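As structure tokens, here come the structures.
Each of the next two complexes has chain A plus one more chain, namely chain B in the first and chain C in the second.
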Partner chain A sequence: MLLLFIDRSFTVPSFDVQVKLGRGNMEIELEQGWEIIERGITRLKNILEGLPEPKFSSTNYMELYTTVYNMCTQKPHDYSQQLYDRYRESIEDYINSMVLPSLREKHDEFMPRELVKRWENHKVLVRWLSHIFHYLDPEFIPRRSLLPLREVGFICFRNLVYHAFYRDLRVWVLSLIDQEREGEEIDRALLKNVVDIFVEIGMGRMDCYDNDLEAAMLKATAVYYSRKASNWILEDSCPDYLFKVEECLKREKDRVSHSLHSRSEPKLLEKVQNELLSLHENQLLENKDSGLHVLLRDDMVDDLSRMFRLFSRLRYGLETVADLFRQHVTGEGTALVKQAEDAASNKKCLSEPDSVGLQVFVRKVIELHDKYLAYVSDCFQNHTLFHKALKEAFEIFCNKGVSGSSSAELLATFCDNILKKGGSEKLSDEAIEETLEKVVKVLAYISDKDLFAEFYRKKLARRLLFDKSANDDHERSILTKLKQQCGGQFTSKMEGMVTDLTLARENQTSFEEYLGNNANANPGIDLTVTVLTTGFWPSYKSFDLNLPVEMVKCVEVFREFYQTKTKHRKITWIYSLGTCNLIGKFEPKTMELIVTTYQASALLLFNTADRLSYSEIMAQLNLTDDDVVRLLHSLSCAKYKILIKDPNTKTISPTDSFEFNTKFTDKMRRIKIPLPPVDEKKKVIEDVDKDRRYAIDASIVRIMKSRKTLCHQPLVMECVAQLGRMFKPDIKAIKKRIEDLISRDYLERDKDNPNLFRYLA
Partner chain B sequence: MPRASKRKAAPASSSSVTAPPPDQSRSRTAKATSKTRLKESDQIDNLFDTYANSSLGQIDPEGIETLCSDMKVEYTDVRILMLAWKMKAQRQGYFTKDEWQAGMKALKANTLLKLVKTLSELKKEAEAPQNFEDFYSFAFKYCLTEEKQKGVDIESTCELLKIVLGYQFPSQVDSLVEYLKVQKDYKVINKDQWMGFLRFCKEISFPDMANYDENQAWPLILDNFVDWKKQKSGGR
Partner chain C sequence: MEGKSPINKFGRGHRDKVQQFMAITGASEKAAVQALKASDWHLEGAFDVFYSQPQSKIHTDSRQLEELYNKYKDPYLDMIMADGIARLCNDLQVDPQDIVMLVASWHMKAATMCEFSKQEFVGGLQSIGIDSLDKFQERIPFMRSELKDEQKFREIYTFSFGWAKEKGQKSLALDTAIGMWQLLFAEKHWPLVDHWCQFLQAQHNKAISRDTWSQLLEFTRTVDFGLANYDAEGAWPYLIDEFVDYLNENGVGADGFSRTIGA
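Coming up: the complex of A and B.
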């Protein structure tokens, strides 16, 4: 049997020893054998003590090992048990006689130093002795279920040395840590070595480390940082405090990696976080002078990022931050709303509509969104909690209208101003694209999306029909963006409208060809007709305007032409949307007037009469009072007075009379006389309400058809969920529709459970 | 309202009833009983003829009025409505011969006197929990006089509520009627709402209405009623 001894004070360059392991007939007596062994052990102990001793050679080892071997294998006197016991006793003896006394006389840091040295020595001793007594390990020890040699050796140290000194060691460790925390230089190597004792003495288990050291260390850490926190919280601003916290965490982590066991890291950092952050979170964040609100207000990006980093370490740390963030954004947004309201009510005193102010308001909302979205993506690392907070904040104030106009309307008007010619926004193409992109993002927060769609559609119609659209590409681009965000159904009608215009141009070309080919189909006036597909465009009331004679033929000619194209469609003429170029032969000079068809019809009446009364005009035109008042106002009380009104007051009354103003002139040869559009707001809201009723009906029927029976609450909830994309249905409205559907026999109430509805096929 | 001036004097049209041939084995009492029975249905028919409009062959509103005054019961008394219910009358203000016969038989009444006597029993019967809902539902249907009519106007609904529920739930009915008259959302009341009123009276504590939950499937008109009432009594 060859054994290799690899030992730090004993090198074996080559091992070529003839070992006489023969079982001679010589039996070794216990004491006899022990004397040999003990001599060897003593030599080893001396070497450890640093006493002068000749080197322990491999031969020496072999001698001892062989002695043990023989004493264990000889018959009949097998001294395994005795050797085992004496092994242990040797160690104990050494500890008691040499180790403990030397430790006892050391103080302060000399004690740990000595203990580290003694522990290292002990490990060596145990190793050496284990080698010597090695033969016991494979058979004797397991046979008797005894502790292995190495363990016995360590247990001796633990029981005699460790148990006596660990408390002092601990105190020393903790004080060293605190010193380092206070900025003093410490002996990190020594600290590490001492900590390692706690680890190694557990012999594979971490009990000693955990219970004898770590527990106290964690407690002390908590105490330390608790004290620090109470000082800092009074003295420091929030960002400064957080800076310190980050530093502390860094240093503690560092310390663990150098001096402690890595398993302590999470627990340690958790203690630090708890004392410095968790317990003071609200106070820090809500600090009036330097808390979250201030950091946001003053754009302190680094500090905000740090705040995020630190609080994301806590389990629920970010919830509070996100909550305050939401409050802050809501506050900013609500302030904007108030600002706009105040500005609008001031303007109201001057009886001007505050369109500029409202435009500015929308732009400010967009800018607010940009600003806080940047914080979410930069400082708050796109965390969902903050996206959610931003969304909730915007949803709160974006749904407040300003000065009687809903946010849906304001947003639609904003888009109109960007997209129309001569709109208030003068922007580059890129800027327009960007702005439109942002508008669509803000739209996501508005609950009445269907209302926005309707206003947008109305304004789009005006842009398209009165050739006010600045750029076709932009028109299509925003529709694409809206489609992406809100779905195809949202934009299908609008896309249809844009397509209609393209088709209308082609149609006009065919019409002109037709006119060219049919000499007798000459309307006598240049006529352009735009054919609109009913479903796509907003509904327009078509009044039976009494067309001037000159135009009647136009209508007929076009109707004939259209019949040649298709027989299955019905045309309804919407004169309220038409424009007309009139030549006005005024005394100073002849001028061209661009007016609406209504205005033209009124003016042409004066070809056959010099003076007409309000009622005569109304009778001849066959329009409503509202329309007549509006158009006469535009011709006699506005910028261009084509007609002279008698009496010369600022408003139209049914007793007025009108005369053609032969003396009218302007420095331009060609002027446009605007007819301000009717306020569509009321109609839009009415139309949307009506559509909503249908939408709710359809949704309820859809749900009930698939579920067959469903209770009231879940039905309402599903309905709200289904319709949520377009608008937030009023619960009472849903109830009303349910009742209506019951009376129309789509549903019935269950006889036994009045809360349950049943679908009637 | 004036009393009906005409009184039917036509003879009983029970000539179709033929007596069975005398059977010697039949006892005297049996003979007498069958005779009495005949007499009873005759009496019922006679009574019918007394009030019926001969050209119509039915009792018309005037006839009912006369009947009421003869019984010394108000025309608007709930028991008349209950009588209609018992007869399963289809058309408001009219009783057909079949309806009359069935009703009178069910009431075991063949004379006016007996009819008057059974009226109080009838009231108890209609009010019995297992019957009341049926009667209440009938009362509404009875008011749907036009073909395809689905709702009853507010005025009539209020009157009906007072008659049918007034004595059982006086404070609820008073409040409801007051509300129905001031609200503008509905001009007619439909069946679902009508049945809702009864359920409300039965289930909801009044006047606090603490257990009313508008998130349940109560008809909207009741949600509005509760809001109105709460506001009136000083809000929450």
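Coming up: the complex of A and C.
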């Protein structure tokens, strides 16, 4: 069966032809046969040249094919080799005589055009001739391990035409590309065709394309964009520059799909972004007027997103961006700290505590966090590098205190203001929830979490005991959030405190029932007792206040009651936290005074004496100087002067005397006389330091118990890792604890290696 | 057969050395000669040779020792107390503060300074072949030489802590510690000893733990004067880290020069 292919310029109907290939006794002579074949070839060439020729019919084909067939199969003279050689020769001949001359006379654009045409023609010629000489392919050629016909044909073109003209072609291709880059219209179809020659001439391999075209193209691309970059970097702002870069990348990608081979795309784009981005990354990002800092400051979301998109293409591009991001956030945060510090020191000159300023500071930190977190999610696609940068930045400045207060304390005070009645923040329930959520997030950045816990606990105690908590749900809600973030151990005591209050209320109810049932147990004064579980609450000093007579019975009665409930618990009274409602019979009018138990005890002394000295009061009450000074100050030197002080100075001194101010009055019937609380800060810090020492000891012992022996460095590192959730232990502190444990015979140093410790069971 | 003593074969210098050797070690003439020959007639080397050999028991008269003990013992206690020790030193013509007494105490494994129990006194002196004042005096140079031995110095140093501290205390009082250090490091020269003592008095003012005491010796042995090889990340006790900071602040450091430390 003979199959003939359909091609463009010459249509040959396909049909089955059974050809009787007569093998007469007549042998075909070489030249004789060749003459027939050559005639046919010449006709084909003429057709390609566009010369007038009658159509080449299938019969013509058959004749030629048959001749070849016979010449190859006849015996004894098999002319296969000669035919093979002459096949090639006729192609070469055609190229030399027709193709090359016509190419040589063409210039500029006409050369490539002509070459494309000639290449197309050549492919046709080779196809036709391969059909004619087809019989050589299946047997002769493989038998002699020769190159197939089609390949021979292409190689002729490659050796004679391609090698002569590819350099000129290349120059033309590159210049066309540059023209298009500059915005000119080019003949994309022609460009594609020329590029295809480079591809096809490789005959299945891409080395012609790669070596003869692509390499130079990549180089030229680099040169082009290098030049562009140098200009743009001077003229353009960072966002404008990046916009241009994005455009260029888009266009180059486009060009590849239209005109080049797809395998060039990644290499080409890599060159472009290398010249435009990699080499100028720092300059762009750090541009004073329009770089990353400015974009962040001015909220240029689109430009930031573009920046992220572009730099994520580079291998290490994002590292630099994230680094600068971190620097920026750290700078902003540190500026906030300084601002707060300055404001606080101004206030100090006026000797007012800057509580409002500090509140504002915390709020600003939260807002800063929101802002930059938004950037990370909106512009930086939540990339881990940026989350990490944000975290590191916050960890740096969030651990700086302001005006002598640590960030842990500031955060605890902030929460207190939100959660207490009459706090400085007036927010809706939703806003409060949201704010608490954010506060807990910021807490993650603070290394002294245990310090925060202690301050928080102290302030929570105040809120709960003096009924200053605005909303129980919010109290519980923040504890849940803290528990989620820091673990159950962090919040267990606080939760205990909140529960205690509920139990205390129930307890009070039973107490009142008890009083109702036992008439003689009644102390004559309304008494409310709140029983606290010691372990949960902060430690309070309980001084042995000499209670006024009136109150002594109250205490007794409650004690008896409590004995009926449980015999296994011991009650310790904390009078410093109590409040009293006193009726003051002043001359102008009777008034109700709401005071602390301490203040009440002092005032009740004047029921039996008109005038008392400082030392008498102190002796009667059995309190410390500090407490006495404070409470007397609140009663005689503050807003409400219940006592008259002699001499009438602004401060209390041990030589003062006091008289009951019978003439005292106020337009209200009922007033509250506040006793300012003692500054707990020092005690909190002391308590936390003590707890830390125990924690470090426990950690070291735990580690050494399981490891048995361990060197110094790894021990310290493990200790830091174990404790890191709550605080950042000082390396010196750890060393001191190790030495202490050595002297207490928990550990010893190894005799030969002083760097190695051993656990002593 | 020669009737003369073999020692007369040697020249005057060698004879003197043999005599000296015998006096110090209590060894026999034969052993002395052997040791000196082995060390090429260098006295110090001979000591090393002699002591590295298994010791033949040096004979002491236990009755004499007991008499010696009784001479100095306290009238009311079965111990030699400070008074007795002072008399002993006087008789030996040795200053009671002399480090030799420390070495002697070490041999005795004395529990506390300024007192010796009978067992400590007798047992200790017996172990170094002393049973009379004369022999004690003769042994003094030897005891001094023991401080030059690296290993022995270390043992004596370690011993000093327990010996110098108060009974029942875990730590050593600062003043006593400073005194001991100055004594010990006068023998084994440590250039920073004065700085160390000044530093402690200025900044520490508390007792010294055993760990700090022992680690200080390590410090003197391993860390250069210029502090170049001091590993701040290492397991040095906290106090020694502070000391290094103190030195750096006061100009003793990498350049190896120490400028005068301000009063």
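Throughout what follows, the second predicted complex is superposed on the first by the 743 of 761 C-alpha atoms of A that agree within 3 Å, B and C clash if a C-alpha of one lies under 4 Å from a C-alpha of the other, contacts with A are read in each partner's own complex, and residues count from 1 in each chain.
In this section, contacts are C-beta pairs under 8 Å (C-beta built on N, C-alpha and C of every residue); 3 or more make two chains touch, one makes a residue touch a chain.
Bear in mind that the values here come from a model prediction, so they are computed numbers and not experimental data.
J.: Based on the superposition on chain A, does the combination of chain B and chain C result in a clash or a fit?
T.: Pair status: clash.
J.: Kindly classify A:E35 by the partners it touches after superposition: chain B alone (first), chain C alone (second), both, or neither?
T.: In the superposed model, A:E35 contacts neither chain B nor chain C.
J.: Where does A:S743 make contact in the superposed view: on chain B (first), on chain C (second), on both, or on neither?
T.: So A:S743 meets both chain B and chain C here.
J.: Quick one: is A:E686 in contact with chain B, with chain C, with both, or with neither? Answer first, second, both or neither.
T.: neither
J.: When the two structures are overlaid on chain A, which partner does A:E437 contact: first (chain B), second (chain C), both, or neither?
T.: neither
J.: Could you give the residue numbers on chain A that contact chain B in one complex and chain C in the other?
T.: Touching chain B in the first complex and chain C in the second, residues 711-713, 732, 735-736, 739, 742-743, 749, 754-757 of chain A appear in both lists.
J.: Note which residues of chain C are touching chain A in the complex, please.
T.: Residues 170-171, 209-212, 214-215, 218, 233-235, 237-238, 241 of chain C touch chain A in their complex.
J.: Could you list, by residue number, the parts of chain B that touch chain A in their complex?
T.: 150-151, 190-193, 196, 199, 215-217, 219-220, 223
J.: Write out the stretch or stretches of chain A touching chain B in their complex.
T.: Contacts found on chain A: 711-713, 716, 731-732, 735-736, 738-739, 742-743, 749, 754-757.
J.: With touch defined as at the start, can you tell me which chain A residues reach chain C in the complex?
T.: Per the touch definition, chain A meets chain C at residues 711-713, 732, 735-736, 739, 742-743, 749, 754-757.
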